[in-house]
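The following blocks contain the structures, represented as structure tokens.
Both complexes below contain chain A, partnered by chain B and then by chain C.
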Partner chain A sequence: MSDLTVPILTGPTLTLTLDGEQVHAQDGETLLDVCRRAGKDVPTLCAEDRVDPMGSCRMCLVEVEGQRRLQPSCAFKVQAGQVVQTDSDKVQRHRQLLLSMYLADHELDEDDLPRERGTGNLLRQHVLNHGTGPDLPPINAPREYRMENNPYIHFDPGACVLCNLCVRYCDEVEAVSAITLAGRGAKTTIATADQKGLLDTTCEMCGGCIAVCPTGAMTEKPSLASNFQEEKVVRSTCNFCGVGCQVNLHTQDNKIVRVTSPPPGETVNDGNLCVKGRFSMEFVQHQDRLTEPLIRGKDGGLHPTSWENALKVAAEGLMAVRQKHGTDSLGFISSSRCTGEENYLLQKLSRAAFGTNNCHQCAAT
Partner chain B sequence: MQKHNANRPAVMDLLEHHGGLAPGVSAKVSEETGVPEADIYGVVSFYTLLAKPGVARVCQGISCAMAGCDALADALDARGEPYEKVSCLGYCDQAPVQIDRELELTKFGPVGSVTPDDPDLPINLAGHDDASYNALAAFEEMEPDAFLDQLQSSGLQGRGGAGFPAWIKWKAVRNEAAGIRYVVVNADEGEPGTFKDRETMLRRPHRLIEGLAIACRYVGATTAYIYLRGEFPAPRRALEVALAQARPHLTGLDIRLTMGHGAYICGEETALLEAIEGKRGMPRLKPPYPTQVGLFGEPTLINNVETLACVPEIVLRGGDWFKNLGKTEPGSKLYCISGHIQSPGVYELPLGATLNALVQAAGGYVGTPKAFSPGGASSGFLPMDYAETPLDFKGLAKVGSMLGSAGVVVLNDTVDMAQAVRWQQIFFEDESCGQCAPCRIGCRMQRQAIDAFIETGKVASLEHTEDLHWEMEEGSICGLGMVASLPLLTAQKHFPTEFEGS
Partner chain C sequence: MFGAGAMTNSIPEIRGTDLMFVIGSNTTEAHPIIAMEMKRAKKNGAKLIVADPRRIWLADIADLYMQLKPGTDVALLSAMMHVIVTEGLHDREFVDKHTTGFEDLVASVSEATPEWAEGITEVPAEDIRTAARLYATTEKAGIYYTLGITEHSHGTDNVYGLANLVLMTGHLGKENCGMNPLRGQNNVQGANDAGASPIYYAGYQRVDDPVAQAKFEAAWGTELSPTPGMNLNVMMKHMGGLIRGLFIMGEDIVLSEPNTERVEAGMNGLDFVVVQDIFLNETTRFADVVFPAACFAEKDGVFTNSDRRVQRVRKAVDAPGQARPDWQILVQLAQAVGYPMPDYQHPSEVYAEMAQLSPKFSGISHERLEDNVSGLQWPCPDPEHPGTVTMHSDGPIIGKAPFQTIAYRPSEELPNSDFPLLLSTGRTLYHYNSGTQTRRASGAVAKQPENFIEISRRDARKRGLDDGQLVRVSSRRGTVIAAINISPRMKRGCVWMPLHFPEANTNRLTNDVGDPVTQTAEFKVCAVRVQALVQAAK
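Up next, the complex of A and B:
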């Protein structure tokens, strides 16, 4: 689940009353924007900065004077002179009753709290922060479960609050549209077309659905057993391509157990990752990984050597080819994993040091 | 994300053509329209006529349940014929009913009655369906403001259920700056107990088309949609014939008939817009209202069939004439009545007529009446103490009920109230769209609560029904969730002795 950012005022402002205090806002903002700027604890499940508001989880309802019913702050626009209450008795009663209802439609742990598996569960936090109303019997919603044999993405309908964030992210941010709300009423669930496995759909396994899921109904299969509270987080740069996506490497016992993106709005990848960045982490500590330079000896085998010697041997080899066959017999190809600076240096090596235009980058065609 | 030029509105007809939920159909329709395959699967799984095509359907609505719909289901079971039990088919006057795989009525009781021919009634179901389009011609001679004055003085309120003054919406759409506007007819009649629009389209389709043409001319729309309930093949034929006959009068107007596919919620005006656009019928957040941001994002006037059908006579005879037809509120009103009465049907009476007056028009009660629903499932139940209460918008709202679509159902003392509540709660659970949590979870809980009470007789089964109702009323996105608990809550309130378990 990702954090919501606090919006900054950039234009002319209007004034409204929020919980008895005068606050500023600008035209086009939602009440939730204003609440976040004022530091109000307005709980949300279905709100996410990167997708359009849907207003379906009903967690963020607030009282707006003149409106007959509570209104979703994530979608309700500010107006000058509005009088808004985020913590009135009515709002509190609503939150607690709604949380009671969510609990009756959610997998619970031994403490009767929304279960956490690997990742955090925002519903659990809301229950702990805001309390609940009456204990309601479980509704046993008749949701269809999908057979799923993809290696990365786990979906558990029993932990889903149907906020539809995964579907909206997949459509509005990734433009992939592999998943959908399906069915109707209490049977509603998240599905693929014909309930096929994700590998048979347009899914690119980016795992963005996991990143936006507020309850952990979508989780990383390889990390199911890991407890996020025991994980250490280390910031790094993904080296699968030259974009420079920032990644948070979650480690436990010095092993990477999960990769996430920093929150949207902070880094170049804006909260997004691709399948490689999010899921291809086994190689880092794989036993077959090369950790030192190797040189092929006369015996045909590879032998460890120093970087100094390896570079020397490579340079000698290249110079020998040039001497025997001419400069244009050489060609230089750089990897799409290289950064722009590295690509620049390689063409410099090709053109200036060796004198050939035979240089290429594997992602250039 | 759908392709730039995706043909989304074609999705539903293509799904119907290719076989609905069958594997591979979504992929095929995706190729043909440019809408993502998953999206299409989401649509097909939402609509019952698409998700389960080609089977007989037996109505489980309250009037059919009281008239013995279980016998129809048992007969199909005995023959081993596949069928679906469905919430309501909109033929409560002919209960119990069953439709075949082509959606045609195959089993039904006596045909319903209507008020006898009276030329002084604005709709006059039994009258000759005049195709002269004199009212349209008269409208075209009027100044738009003069017409609006008549509409306003007529006091015409939306006949779909909300009772919102028609003239305000008409004026709002006309005054919008956008170049394109639409008029949409809500003909997705589905409230259990309601079948007035069905009879209007069957008997007086020209009234509707003429009212629609006036609306289009007034608001400046050149395209209109009639969103017709999918289970209504006969009204569809009547409309198609009438539209062909009316063509000479409809120059420059494109009136499109869009069929529903089995979802009560699409009678909610914004869910209806979503359905026309080829999406899951999930209501939109309001504001913005359809008069500002409606069909395909353009200003849209949405009116019920009956509302539009009142307009031609208002043009011809004036607003005051219409207004004075009413008793407690303006105009006459089509009241549907079914259940335990002699002649179920549609009766056009002064708005504000009482239950007793309506039942008198319908030949009297059958047995000893005990309770009635004044406006479909959404209005809950009232005891016979209210038999002399005017059936109008404001008065019924004051007693915690509503006129709604004026689908009156009478229950006599052979009916157990808990059982009656159960039928209505099953309806709401089946028809909740599932979008927002209060309604999705609440509708199921309320049905489970009444089930548990019937099964165990324990009052504790019902201990949270009021809290749930409060949250559903306060927290739901649309009207369905807001009223879905009323059958249970009103029955508990008015018939406490029937809910005194152990």
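Up next, the complex of A and C:
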């Protein structure tokens, strides 16, 4: 679930009336843009900055003077002189009824609220903020889906509001169209094209569908076992390619349980991640990690030793080479995987401590 | 290049461009997030020109796709320049004001007609014309490239060729244009910036410049050598000879350097090897001492990305067992040999020392990065400076930029009857470099469990090979086993393999002949033969 950004006015403006007040807007903007700038609490489910508006969830309806029906603000364009109500009785009544309908078809927790899994559930927030209308009988529609054959993405049809954001992201942003709306009527759900597991589709495991899902119907499988309330979040930079995506590392009990992107707008990755950044963190807590210093024994094998001894053996070994073959018989190979500070220190070690400029990083390109 | 090797423009500028010329970069797999920006630009109406021997995914959505023969980039670029100058499409004002050597360049490409290039590259002459015209006449046009350009024995010429195109069309110093190398690894840029180089201290200050030497001698309190050192490729070749001991931090050179057999022989000729890493790997087999290091999620510091953006890395979890952050180990080793490296309490202090010595990033500090959530892009000379989004907006940094003439010469190793196929190598979306990290990721393992070789249907059929069948791939240097992957993306006569699998290390095949200037090895082109396993066993 990602936050929508507040649009900034850049060009010439027009004026309209919003909840009785005069506000400015720009040609081409939607009513939702204007509402956000004015700080109105207009609930949304299917709106997202990175994809084109679809206007399908009806959550963001507002009353526009002269229009017989309520209009979805996320898709309705501004016009000079419009008179718009975001919280009229009609809007409120409609919203509560709509929320009741969504609830009847949604997985609920002990408090009869939409379930929360740590990715955020907008539906839950809207119910808490705006209340519901009449209690409707649960629908319990049987929904077929088959994308579980993949290690990363869990889909829970009971929490899906069919906003289609995941599909639109997959089409419009990732541009691989691995998933689609499938089935009819109450059985409609999100599925892969031929009901295959995600692994056997064009899916690139970017996890964008998880990131845009407003209800957490799409979740990271590795996080399912974690207790999200105890997650700590640390902002960092991805350690794979040279794009430098910003990541939020979610940890629990000293383990990374999921990786998300900071919201779109301010970072170089604009809210997106690829399979490596989002999911390839298993190596961090892998059992094969080196945990103690090792030195080569007489038997030819590597054996654990203390830090003190390892440093001593390394220092003596390198110095012995230098004494025997000269300063420039040593080479220092640095890593484009390590930090800037570490690369700085490695060249300092090479030049200042050992006296040679034979120092280079592994990938000079 | 124009005074510093880095993306001249920024990643977010891509979405505003009108033309992208992508050459030697399988962007969707190697840099998926940049590819997303390209798709977004495309959606907004930008044109896309792709040049790559493999029909990569981007080629499917390109307005113009040029499937050139591997290793013939110089011919293609020369012909594009030829078209631009003969049709008068160059930017006269920019050329006069900001460049030198244009006359020589014009003379050097006078024979490089698109028809001549077609004979070498196999790209239709008309397509070369169209590409040149589109690129030259579009105001906002950017070039994007990566290892497909540099990992050749003529990699430097390739880069000069691209730079010439940028300069003659004046696509420099403006938004949404420029010359943009996409870095393969998270901190290639940062490692260069920090001085992990045989010729430069931190901040691109030459070791043989007496002023720089004096400055660093004063700061570090010791005498320093003014003799440039060996670069990695040279060190690799001299292992066992001039080079007798190695200290290796965070890099599996035995897996990732070309011509594995020769690297292994060299490693065996060393007297002493220290490796500092997070896993045992091919290189630790040769180590006398192995230091366990912390990974990126277990330490603080900065990475610098492709668009010169310095961003924070923050500790999220504790390192396992006794593993320590690399920076601490380096300090402790320096102290163990008697050099009084300061007891830095935190990497921010190391950064401060580096920034103070390097005018390019003097204005950057960990403190400022807390407030600048999208990072700071160098040059950033003082603490008030906002950083530099687009470089060279006042013309090339080093006054006038010289054109560099280039001349096509064939790759070092071409196919013959014994080794009839051209092998190129690269990365895939799911795996990353030596695979130590991604081969422990369940998704990558499920998608791509073993080494494979992409081959065109015709070449496969000719050899009676089926999809999925195991084959023996051999070059003059070695042999590996891989599974056949018949792919519509491959050109006839060409095959492609990824570099991520230690048990079937593609670098047993690759050529270690280096570019004469950078010594970067020719990972991208060598000659191989492919035989069915059973047949080969006979």
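One rule holds in what follows: the second predicted complex is superposed on the first by the 285 of 365 C-alpha atoms of A that agree within 3 Å, B and C clash if a C-alpha of one lies under 4 Å from a C-alpha of the other, contacts with A are read in each partner's own complex, and residues count from 1 in each chain.
Here is the rule we go by: a residue touches a chain if its C-beta (ideal position, glycine included) is under 8 Å from a C-beta of that chain, and two chains touch if they have at least 3 such contacts.
Predicted, not measured: the structure shown is a model, and the values here were computed from it.
*Asks:* Look at A:Leu14 in the shared chain and tell me whether it touches chain B only, chain C only, both, or neither; answer first, second, both or neither.
*Replies:* It touches nothing on chain B or chain C.
*Asks:* For A:His286, select first, second, both or neither according to whether it touches chain B, chain C, the two together, or no partner.
*Replies:* Only chain C is touched by A:His286; chain B is not.
*Asks:* Classify the contacts of A:Ala175 with the two partner chains as first (chain B alone), second (chain C alone), both, or neither.
*Replies:* Both partners, chain B and chain C.
*Asks:* A:Arg69 in the overlay: touching chain B, chain C, both, or neither? Say first, second, both or neither.
*Replies:* first
*Asks:* Determine, under the contact definition given at the top, whether A:Ile139 touches first (chain B), second (chain C), both, or neither.
*Replies:* first
*Asks:* With the two complexes superposed on chain A, say which partner A:Leu294 touches: chain B (first), chain C (second), both, or neither.
*Replies:* second
*Asks:* Going by the contact rule set out at the top, does A:Ala38 touch chain B (first), chain C (second), both, or neither?
*Replies:* neither
*Asks:* Counting residues of chain A touched by each partner, does chain B or chain C come out ahead?
*Replies:* If we count touched residues of chain A for both partners, the winner is C.
*Asks:* Under the contact definition given at the top, report the residues of chain A touching chain B in one complex and chain C in the other.
*Replies:* 172, 175
*Asks:* Considering the complex alone, what residue numbers of chain A touch chain C?
*Replies:* Per the stated touch rule, the residues are 150-152, 172-175, 199, 204-206, 232, 234-246, 249, 251, 254-256, 262, 266-270, 272-276, 279-286, 288-296, 302, 307, 310-315, 317-322, 324-325, 327-365.
*Asks:* Which part of chain B faces chain A closely enough to touch in the complex?
*Replies:* 1-2, 23-24, 26-27, 30, 36-42, 45-46, 263, 280, 285, 287, 429-438, 440-445, 448, 463-464, 467-468, 470-471, 473-477, 482
*Asks:* With touch defined as at the start, can you tell me which chain A residues reach chain B in the complex?
*Replies:* Where chain A meets chain B, its residues are 53, 55-58, 61, 69-70, 72, 75-77, 90, 93-94, 97-98, 101-102, 104-105, 133-134, 136-137, 139, 141, 161-162, 171-172, 175-188, 191-194, 201-202.
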